[in-house]
Amino acid sequence: MTSPDQTTLLEMQRRMLRIRRFDERASKMVKRGQIPGTVHTSIGQEAQVVGAAMTLDDGDYMTGNHRSHGHPIAKGSPLAPLMAELVGKAGGVCGGKGGSLHLADFKVGSLGESGIVGSSIPIATGAALSSKVLGNGKVSMAFFGDGAANQGCLYEAMNLAGVWDLPVVFLCENNQYALSTPAHTVTSGVIAERAAGFGIAGERVEDGQDVLAVHAAAQAAVERARSGGGPTLLEVVTYRYNEHSEGLRLGTDYRNAEEKETWVGRDPIAQFRRHLAQEGVATEEELDALEQEVLDEVEQAFEFSQESPYPEPEVAFADLYTEPIGA
Amino acid sequence: MTSPDQTTLLEMQRRMLRIRRFDERASKMVKRGQIPGTVHTSIGQEAQVVGAAMTLDDGDYMTGNHRSHGHPIAKGSPLAPLMAELVGKAGGVCGGKGGSLHLADFKVGSLGESGIVGSSIPIATGAALSSKVLGNGKVSMAFFGDGAANQGCLYEAMNLAGVWDLPVVFLCENNQYALSTPAHTVTSGVIAERAAGFGIAGERVEDGQDVLAVHAAAQAAVERARSGGGPTLLEVVTYRYNEHSEGLRLGTDYRNAEEKETWVGRDPIAQFRRHLAQEGVATEEELDALEQEVLDEVEQAFEFSQESPYPEPEVAFADLYTEPIGA
Amino acid sequence: MATTTMSFLGAIGAAQREAMEADERVVIIGEDVEANVYGTTGGGKSRKDKGDFLELFGANRIRNTPISEEVIVGAAAGAAMTGLRPIVDLSYSSFLYMAMDQFVNQVAKNRYMFGGQASLPVVFRSAMFYGLSTGAHHSDRPYPMFMNVPGLKIMVPSTPADAKGLLRTAVDMDDPVLTFEACMLWGLKGEVEEDEYRIPFGQAAIAREGTDVTVVAIATAVPEALKAAETLAEDGVSVEVIDPRTLVPLDSRTILESVAKTGRLVVADPAHRTCSAAAEIAAIVVEEAFDSLKAPIARVTTPDTQIPFSPAIEKPLYPNRESIGEAIRRVTGERGASVPESPQGIDDELSTQAHR
Amino acid sequence: MATTTMSFLGAIGAAQREAMEADERVVIIGEDVEANVYGTTGGGKSRKDKGDFLELFGANRIRNTPISEEVIVGAAAGAAMTGLRPIVDLSYSSFLYMAMDQFVNQVAKNRYMFGGQASLPVVFRSAMFYGLSTGAHHSDRPYPMFMNVPGLKIMVPSTPADAKGLLRTAVDMDDPVLTFEACMLWGLKGEVEEDEYRIPFGQAAIAREGTDVTVVAIATAVPEALKAAETLAEDGVSVEVIDPRTLVPLDSRTILESVAKTGRLVVADPAHRTCSAAAEIAAIVVEEAFDSLKAPIARVTTPDTQIPFSPAIEKPLYPNRESIGEAIRRVTGERGASVPESPQGIDDELSTQAHR
């Protein structure tokens, strides 16, 4: 296992920034009524997302969940079609038919985010099965939350992947809450420790705000998968800064202000920027430039999302089958 | 924890014998076309079934699966209505509407066997929930096989029971095969060890042919449940002598003759009879008499099953709702 | 009879509160019910004035669950079989599939299979979030598939008063009930009796009387059909609008009597077309009232496509006043003035709809 | 065209073998497929002569699974999205509920939601064991609920030849297909072309031509309708029997043309009545062929009850030659001689049906 080179380190920061700025912009757009429905941001969880996804090769597969923008962004998907998708435009990555909850960019191996909690875990497992049968060496990664870790399909998937040695990584983003529900009130035992009973590798990354820690653990899991060592359940402890979804206002205070402050104090992007500067990977100027580049990218994505037309009415009937089946 | 008294020991043998003779008769009846469809016998697994079920109080709950006769018998359900149910008669415990796969005897706390593998585990968990909410001290036991242990709902149930400390025992009857499929080929890890990751107690009873070993382990689990200590996953290693279901003829030899011989050599009923005689719990004559009593009971059950009439046609439409809802 | 104004969602909350107060065996089970995320379990800390269910009834009866629909549904069934009367909040109807085996193989079958030994007094609430740009995973209207499962009862109220009265009946009943609440109706206000009351299952409401054509409408199609009827009245077409309120049992008698009078039938149903409730109602009428029929039956449904996210293409998919009006014209042969355009959605008061 | 005699089940097995031989990406996934428990994956050790799939194709392509329907279905979908063409054997149709979320939210929606990026060449086989005293948990005929889910294709063959030809087409297709095989038909023998062939989806078969009444029949109702038609022919009633063969897409044109000719329709469908395929077909006809209809449409379905175990009360529930014949008489006004009694079930050759 090699540690990431300079280019990779800078790319990590770039992708984390992309997620942060993209989601900040999306949040603003929801408030302004520029996005129908809502979105779930990954703000605060960038290290966990990027550290994991950047261990994958271009041809590798990935599935995600409702907290959905970070995954394809971390896998290298261009921002403009993603942003246009949130707005429901024809130029969206799914032609406007998916929206925030159902982003997918097959070109980069993103097989789809899922609005149904837990539901995409079997899909990722199946992608790993096809890698195994075809012997093409591809690895598959399923992203899901601490809440999803109580869906039975995860354990069916872990067992199947275990008996068949499928090249899949089950990546649990434990941001400690499922909507309003604290994980510890609905989770018996420790998620990562559930791996052992299913005969597969399990690990808990306690500092999910440290992109390098996440990367190292994920890399070990991906290498294990690719080399025929079978699946891994990786639990990464992290935190979301925003409400469960943008625009949601709950009457209850299920998280306290103090807790949030502590986590913001350990911001993954700020931390990693300090690290990059200290280690001489980049100068402050270079890091400033990087920030600006990402801001520009997001701005361009926003513009694209505004200019792209809405889909034509007949699009509602396309893509249901390979060919329309008639009335 | 007290060890079973003499009466209990003899009752264990009686119930094991009831299962054996009942199932032997049922098997014969299938061959003779006296039972429509098929049945799944528990022959060979009597110690596991009886040892577990006899730790329950009369008011306690139980659910089961397709290997279904042993559970209610072990819980004290009278044989005649069970036998009549297998034949589809009006005097059956479910009025002929359930059949072998769907025996239930609510009078003894048997909430139902399930033809769908795994599907009754949540039901037992719910019975434990009602005990908990109502504070009535009842315990619930879910019987299921090694095959069912790969259904996701088991893990949802273990987690829920874990966070809510529900008084439920998950009892996995590991007879080492699911239909034609050897457990080790489809099970990653060790079933009992899956408990730990869900923060609940787990234990594997290696000698499931020893009714006292099973009883001791199950008693500990039931006491834990009843005293608020939460759920347990108990895996009991055992063996079925017959084919998966009566009348089934597979082209393939997924179990070898030698294996079966070894297990028959450790027959739970023969073993326990020797134990009872050696320990002076009963004389050989008393044990012979017991065997005869059970044979008579089964004979009477058979006669009842033959004499009981078939249900009237309108029964097909009763019990769907509390009251018929009309066309 | 004194009444008070209530939203649809408020009526659901009020029914739940009354039921909880009336019977200790009633418990609420579901994801995020403790924090009242969906607005039917009272306050939450900063909404104390409205009555926090957790404070009122305690954590023993307000059961916040893991995200485990299969065991939630099965456990509620098992609890119902052993003495509780659970109300399960499954939030979105699109999540019911997760527990389909429990619904079909346990909830619907246990009383029957066990020859009447099991009783299942349990209510499964869920809401259909169609028309709100939530995309294909959250917009389903799956009641037709549950109608095909004997043993379940199904309510689809379209007014606050019906929602409250039917839900009370549902909780009282020893049969399992599924509610399908159209989220677009949650904010709808209406008059509700102040005293406790119950509405029986299997009794349709005649939402508007008329003589030329019968429109049977479900969920959001009810207010839309009423709008269409209003407009068509101006053209001299007299439309009778029937809201079945419960789909199982279905009050086919009221429908057949209406068709006997009008001779014409439009069924407006937001479900997908094939094997929809509309299909069933059309089939019943052509079987049992063929001689009364003067024209083809018209179904106005959501077409057989999945639900796209983009509002530009989602909104037109569901039955609305135009499509219903057009169908009425078709079966009556009337070519009157066009009906007014639908607004983008029925108004609502809820911020909490935006989370999924 | 040379033909050979094959059982329905043999035809399924032959189609699977041809498909496996034709394309390396075709794999078989399911419980007990290795040991050929259900008889469609070749030999098993002592049946080598028939061709053991495990030996022919190896364990990489014959995948014996744990009992985990949800992940089996989802994994097959994921595999299909990434280059395989799985045939999934789910054995009993009653087990599909376990994977309902995967069917509805992934299999049916992924191509659509992702704007056409996903392709899902996957076939889910299952058999309906109704009429065989298997009780409520194993006797379901759930195709109507899947018909309500846009994005799935559904085949319900009633002859060996159709089973084989449709299954080959299904495997070739890039859309997900569900098969519903009536187990009572598994033993049915019929002539099957020796050369490879495919039957297109969406083309009904006219199983018998007639002029007085159209009977659309599904699964076991097809042979039963043919028997009824035979008997009624003696009374001078000319019955046209149509087997849709695929329910999605449904060949409504053939049905409508037939009704245009006969003016009368009976739909015989073993599913539960409410929201059945029969409801859909009746609705289509009353919408689109109203002017041709001379009599009420009659549905012959399984009534809305669950399936009891006792054969005494189970057998009469499904559409059979008597009930179909009676419906034909009703809509034609014919009062001829009674049709012969149904045997207890269609003969079959299979010992392996008895395991569940």
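The letters A, B, C and D name the chains in turn, as written, and every chain counts its residues from 1.
Convention: a contact is a pair of C-beta atoms (placed from the backbone, for glycine too) under 8 Å apart; a residue touches a chain by one contact, two chains touch by 3 or more.
Since we're looking at a predicted model, the values are computed, not measured.
Enquirer: Comparing centres built from CA atoms, which chain ends up most distant from chain C?
Expert: Of all the other chains, the one whose centre lies farthest from chain C is B.
Enquirer: How many angstrom lie between the centres of chain A and chain D, each centre taken as the mean Cα position?
Expert: Computed value for the inter-centroid distance: 41 Å.
Enquirer: Taking each chain's centre as its mean C-alpha position, how far apart are chain A and chain C in Å?
Expert: 35
Enquirer: Averaging only over C-alpha atoms, locate the centres of chain C and chain D and give their separation in whole Å.
Expert: The answer is 32 Å.
Enquirer: Going by the touch rule set out above, which residues of chain A reach two or more other chains?
Expert: Where chain A meets two or more other chains at a single residue, that happens at 92, 94, 96-98, 102, 114, 116, 119, 150-153, 156, 159-160, 163, 185-187, 320.
Enquirer: Residues touching two or more other chains, restricted to chain C: which are they?
Expert: 65-66, 68, 70-71, 94, 98, 101, 105, 112-113, 135-137, 150-151, 248, 304-306, 308
Enquirer: Indicate which of the five shapes (line, ring, star, complete, other) describes how the chains touch one another.
Expert: Here the contact pattern is complete, since every chain touches every other one.
Enquirer: Where on chain A is chain D touching in the complex?
Expert: Chain A residues touching chain D: 61, 63, 92-98, 102, 104-106, 111-112, 114, 116, 119-131, 133-134, 136, 138, 140, 152-153, 156-157, 159-160, 163-164, 318-322, 325-327.
Enquirer: If you look only at chain A, which of its residues touch chain C in the complex?
Expert: 36-38, 40, 66, 85, 88-89, 92, 94, 96-102, 114-119, 147-148, 150-152, 178-181, 185-187, 244-254, 310-313, 315-317, 320
Enquirer: What residues on chain B touch chain A, complex-wise?
Expert: Going through chain B, the ones touching chain A are 150-156, 158-163, 185-191, 193-200, 202.
Enquirer: Inside the complex, what are the residues of chain D that reach chain A?
Expert: For this pair, the touching residues of chain D are 25, 27, 60-61, 63, 65-66, 68, 70-84, 101-102, 105-106, 110-119, 150-151, 153, 173-175, 202, 248-249, 252.
Enquirer: Using the touch definition from the top, list the residues of chain D that touch chain B in their complex.
Expert: 31-32, 34-37, 43-47, 64-71, 94-95, 98, 132-138, 303-306, 308-314, 316-317, 351-352, 354-356
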